[in-house]
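Right after this note come the structures.
What follows is chain A paired twice: with chain B in the first complex and chain C in the second.
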Partner chain A sequence: MTEVYRPVGGKLLTRHFYFMGVLALIAGYFLVRRFVFGIGAVSNLSDGFPWGLWITYDVVVGTALACGGYAMAILVYVFHRGQFHPMIRAALLTSVFGYTLAGVSIVVDVGRYWQIYNVFRPGYLNLNSVMIEVALCVTSYVIVLWIEFSPAILEAMKANRLLRLMRHILFFFIGVGILLPTMHQSSLGSLLIIAGYKVHPLWQSNLIPLLFLITAVAMGYGMVVFESLYASVQLGRRLETTMLARVGAIIPWLLIAWLVLRIGDLAFAGKLGLLLQPGVEPLLFAAEVALFVYASVILLDPHRRVRPNALFWSALAVVLGGALYRFDAFLIAYNPGPGWHYFPAVGELMITLGFFAIGIMAYLFFVKKTPVLSANP
Partner chain B sequence: MNSNRRDFLKLMAAGTAGAATALAVGPLQARPPKPLPPGAIGILYDATLCIGCKACEVACKAANQMPMDHTSGLEQLHGVSGVWDAPDDLNSRTLNKIKLCETNDGSAGGLSFVRRACMHCVDPNCVSACPVSALTKDPATGIVRYNPDACIGCRYCQLACPFNVPKFEFDKPFPKIVKCQLCTERVSEGEIPACCAACPTGATLFGGVTDLLAEGHRRLAFQPGEAQDYPLHQLGTHEQRTAKVTGYVPSIYGETQTGGTQQLLMAGVPFDQLGLPPLGNDSRARLSETIQHGLYQGMFAPALLLGGLVYAVYRNSRQDREEDPGATAADAPGVDTQERHHD
Partner chain C sequence: MNTEPLAFEHAIGPFLADQLEIRGISRRNFVKFALGITAAMGLPFGMTRQVMAALDRPAARPSVIWLHFQECTGCTESLLRATHPTVETLILDLISLDYSETLLAAAGHQAEAALHDALAQHPGQFILVVEGSVPTADHGNFCKIAGQTPQDMLHAIAPQAVAAVAIGSCASWGGVQSAAPNPTGAVGLAEALGLEGILKSDGSALPVINLPGCPASPYNLLATLLYYLTLHRLPELDTKGRPKFAYGRLIHDNCERRPHFDAGRFAEQFGDAGHRQGWCLYKLGCKGPETYANCPAIQFGDVGANTWPVGIGHPCFGCAEQGVGFHKALHEQAKVLSVTPTSLFPGVFTEHPGGVTVASAAVAGAIGGGALVYALGASQKLKQTEAASTSTTDEEA
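On to the complex of A and B.
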């Protein structure tokens, strides 16, 4: 584990980077409107759909996409697979920005943001609330992620004394950094239990915390593979196919466990008949299953998963399948009663897109200026 | 590899023990259902007595300093304005709403009114859901109250409420959650909620929840066509009127639904045709808390898992710790190496 990380270097202010900047500026305009005129001025959120794109994409899907650091830490530090160590920093980088942006999105989404610190005040916090678990756990994890990522920044700053200290205490934060996502990624699913009939019975389940947790880990590995292939092509680096194929080989087992639990749970609750009913929900369920089965079939085959193309598409299928599952549960198969409809407004979409662009800009900045990517892939 | 495998097995054992404890203890110690508070007060709404005059809505707006709602452009075009038709449901300016429902039930003339307002659940989902205790249930009266100084505006209460009652001021930069608080101030001064005081027919009746349920069951025994006495405004006073019974669906909505509610409804047509959701006898809050507390009981499972994780990471990161930062790219000569090697 004496591998060295190096900044990629190269020009930061590319046309690509400026385009992302423009998206961020557009989001800035809508953010100003949101804080001056209220949430209704930029969004289609309503009393029937109090949570829309911001919560579903930026927080619930976004943090799952940012589970790469968590998933790789399980692999390297729990299962002691040191050969994956060189990939940890890149995975952590995505996690840091995914989670930080999710935290910022929450501040945009909550109505009374100036009181948001109440979640930390003992006199106020309600331990019966699933939301308090998510709030405290996600906040702590954002801090832990920055600590876990700090060696890259300290190396770039050449702060060697601090770096030496960090090396000796980091194991504790890595441990906490595995516990926290286990807690809040499952709680993100548990949030929906209390909504009862509003969540379609194909998604409403007492197993929902476990189903959310498994997909979060699978999406974490999926993102590591997807992002590594994509970034290697974009930044002109050598593909780490052999290593990525080994990461990819873990995913099918998670997906199979998920499929067995998901379908078994429906069968156990006598809900399989709902799959034959008319409506869009059975099709959405089928799409989730199809994406996961497609990825599993390819990634289980040792000859196919070493082909960069197959690896890329199957990793994308895992990520999309997990994202669709979350979108279905929180929005598409969510029905508060007759008369309520939701589709995100332009302002809402632009704010989400702007945050996404800021995430990519930050990724490019750190990859090019700080030692994140492995020196010899 | 052997020691690693042993670590891993230890960790798995710890994790399994934690999860097993959580799962085994969870269902056994399902959170008990919440009892009705001793001094629980509430409202009995009888749709068969309601004439849709909306005096309760006007009184509610006056008592709670709520502005009249805007009338939509289309309604203004047709010369309709004011409180009668606008709005068509509860919203962030309307805590109490009488709605006219067209039903498939011919025997009741196909039409029925229904009252929409906070149900003041015995085991409220919103109170369980609120992360910052902005929604609380009064231990004596059972009124579900809202404290804007605690609220962070996350709107989880809106997701949790099976009746879609809490409303949010999406049109304001400094918004609040808005819902009926059973005229807490008036009640504490010995008065009754404004809607009950205003109702001329006894359709909206104030009283203790146990007494209201008894009154409801008295009415369920009435035969259609009989003339019966109905109390006005408040149970236990002598104000009453005589009215012809038109017949009831043989149950009281809110007696058992979602663990019971302190606003109770009676009607001549099935409740699902009045927009009231069919709910089980258990609140979802009970299930949610049972699952969540089952997993996190005394933070036992998380603490055990954390111990195992930190130990495993400590064992498996020895090389990370022993690595000398001076020997890596961070060292002074390393800067040159960085530059040279970056491509």
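On to the complex of A and C.
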């Protein structure tokens, strides 16, 4: 840990910040409505679609986007690539807020604040449930992430004694922080196995847990690249292109593994014929594959991946591809039976957007006030 | 424990397998019963084997002396009658019920002799089951068996027992006789032992397991006895001496109508629309929110699926809970011991089409469009820096 992180500084309350604040306030209005008048007042959720935008975007996609910390930790601590260490705090910051807001979204979605804590009471655990794995694992990981990120806050607070203590115990939390997402990112996929026939056969597969895990790691790297480039451009910092290109070079191999498993699995199960059937599903499948193939082609080319703009769009393609895969499996290609329709209601959209805005505000706050970004990129 | 198989066991074969065949119980049914009872005890399924092995060994079966005090024999009745398969009766036979006033074929002096024989045969090795409360008023003269008050009998028998099981609410905390004005001064077994200062013969306190309920669920007695047979120790008890595996949770916590409670869907009157829909019976005076028992999990009455008071549409009466059953009015609203949900309930049914509306499509479009604008803006800037950096790297090179 020889490199130095420094707060970016600068004005926090910019026009953008205020705009995000307004979005958060609108979300606040809908949140109050949700808890006073019930979930039907703000959302289009129904018995057919009990999982809507909040679970699909905020939780399933959101935590995958927040896998940057996890993906970078694998790289730095498991594969011992110390050269990427300068990027780890920024990655952790996105993870902290991605996961925390996912947790908050679950509380908003479940709504029963008077008994939701029973999930954590040992006598009340249903150990045969996949949801319990996700619930406990995601909650523990939120705590672990905050501990992993705490050195940045402690440095800003100049709490040196605590910081020293933290340095001694942090290795343990880093270890746990690699274990936990491996468990729950695959379990998020397992949730769909239980849904059985409701999930379109092109997506339903026993390989879902593995496919979800691979895309989560790929999306984590994609997000690290995307976020670094985007933040550098918007905050007027020097681009970390060389290092980002090296991170980007890992992604295609994950995507190729995913494509082989995904298409191989369909072929093995004799489902390739479904791609020729009419309907929107084959097109969605094609879009996922196209996004991943596009990213792979660019990122495999050592000349193209060092160009910031190409890197930017390919990282975005990885993130969008992974998000589309999750949206398809959880919502779009999910058919609970005749008569059920779902499109997120305005309230649902605004709450999700508000959480996104809060995430960005938190990112700006921590980047500007605490040492998160590397001092000399 | 009685190590010698008893004479009657030899008569129809000492092993469980033989008895199963005689009684026409399939092995499959027996295994199903063992699985169920293992679950009722809160033990892992993997222990079913041990439970079955414990049942198989005649030597392991405990001797039981069953005393009746102030009660209606309902607990014994439910144990004998409520059974559809005969596995439970079989097990009741397998535990050597050496003395039970209800089941004894003998009468009068013969019956008394049986009690003395049982005490002499298994000193300090039997389990004492007590059904019914102990009257404390007038020196216990309200209840006499062979000229002895319950107090006298407890003085004579309790010190020699390994442990005592108080079956039913009467024996656990006084039951219906303890309801005001409680003319007999009825108390439960544990309290009576305390009042009389009765200890085990070695001077230690006699452990009392309370199995309240009116009548107590027969499965809880079987599970308690089988727990002892299998693990050779008593199950974990709560502060009121009840096995945690059976009385660890409120009825409310496991109730099949709980979601209706949380969602604010209540039956307001017997036979109203909500009652017919199977909604929560809290407003009809259901005592589930303040009564600890496993009725919703293992049901009650043994006559088919979903038959227990709440299941068939009557509010829980709280028979198992001291201070609730026979003490509170039948339709008085319960004190909710767990967290009470918000009173700001949404409507029972929220009707919405769930499909796309102009407004939601517009918002979704705006979000998508905004994201695209931001991405294109960033891309534009990146292109500029890219162009700038290529020129600088060229110069550096």
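As a convention for this text, the second predicted complex is superposed on the first by the 375 of 377 C-alpha atoms of A that agree within 3 Å, B and C clash if a C-alpha of one lies under 4 Å from a C-alpha of the other, contacts with A are read in each partner's own complex, and residues count from 1 in each chain.
Everything below uses one rule, namely that a residue touches a chain if its C-beta (ideal position, glycine included) is under 8 Å from a C-beta of that chain, and two chains touch if they have at least 3 such contacts.
This structure is a prediction, so every number in the text was calculated from the model and none was measured.
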Chain C versus chain B on the shared chain A, clash or fit after superposition: clash
Partner chain(s) touched by A:7 [first = chain B, second = chain C, both, neither]: first
Which superposed partner A:275 touches (first chain B, second chain C, both, neither): neither
Dominant contact partner of chain A by residue count, chain C or chain B: B
Chain B versus chain C as contact partner of A:332, first or second or both or neither: neither
Chain B versus chain C as contact partner of A:235, first or second or both or neither: neither
Which superposed partner A:178 touches (first chain B, second chain C, both, neither): first
First (chain B), second (chain C), both or neither touched by A:353: second
First (chain B), second (chain C), both or neither touched by A:313: second
Contacts of A:341 with chain B and chain C, given as first, second, both or neither: second
Touched partner set for A:259, first chain B, second chain C, both or neither: neither
Colliding stretch - chain B into chain C, listed as 169-177, 223-231 or 259-267: 169-177
Contacts on chain A seen with chain B and repeated with chain C across the two complexes: 35-41, 46, 48, 112, 115, 124
Residue numbers on chain A that touch chain B, as the complex places them: 1-2, 4-10, 35-41, 43, 45-48, 50-51, 73, 76-80, 82, 109-113, 115-116, 118-119, 121, 124-126, 128-133, 135, 154-156, 158, 160, 163-164, 167-168, 170-172, 174-176, 178-179, 182-183, 186-187, 190-191, 193-198, 206, 209, 336-339, 371, 375
Residues of chain B defined as touching chain A within the complex: 4, 7-8, 11, 89-92, 125, 128-134, 148-156, 158-160, 162, 164, 166-176, 275, 277, 279, 284-285, 287-289, 291-293, 295-296, 302, 305-306, 309-317, 319-321, 323-326, 328-332, 335, 338-339, 341-343
Chain A residues touching chain C - in the complex, by the definition given at the top: 35-41, 44, 46, 48-49, 112, 114-115, 123-124, 229-230, 233-234, 239, 241, 307-309, 312-313, 316, 340-346, 349-350, 353
Chain A-facing residues of chain C, complex: 248-249, 253, 262, 338-342, 344-347, 350, 352-357, 359-361, 363-364, 367, 375, 378-379, 381-383, 385-386, 389
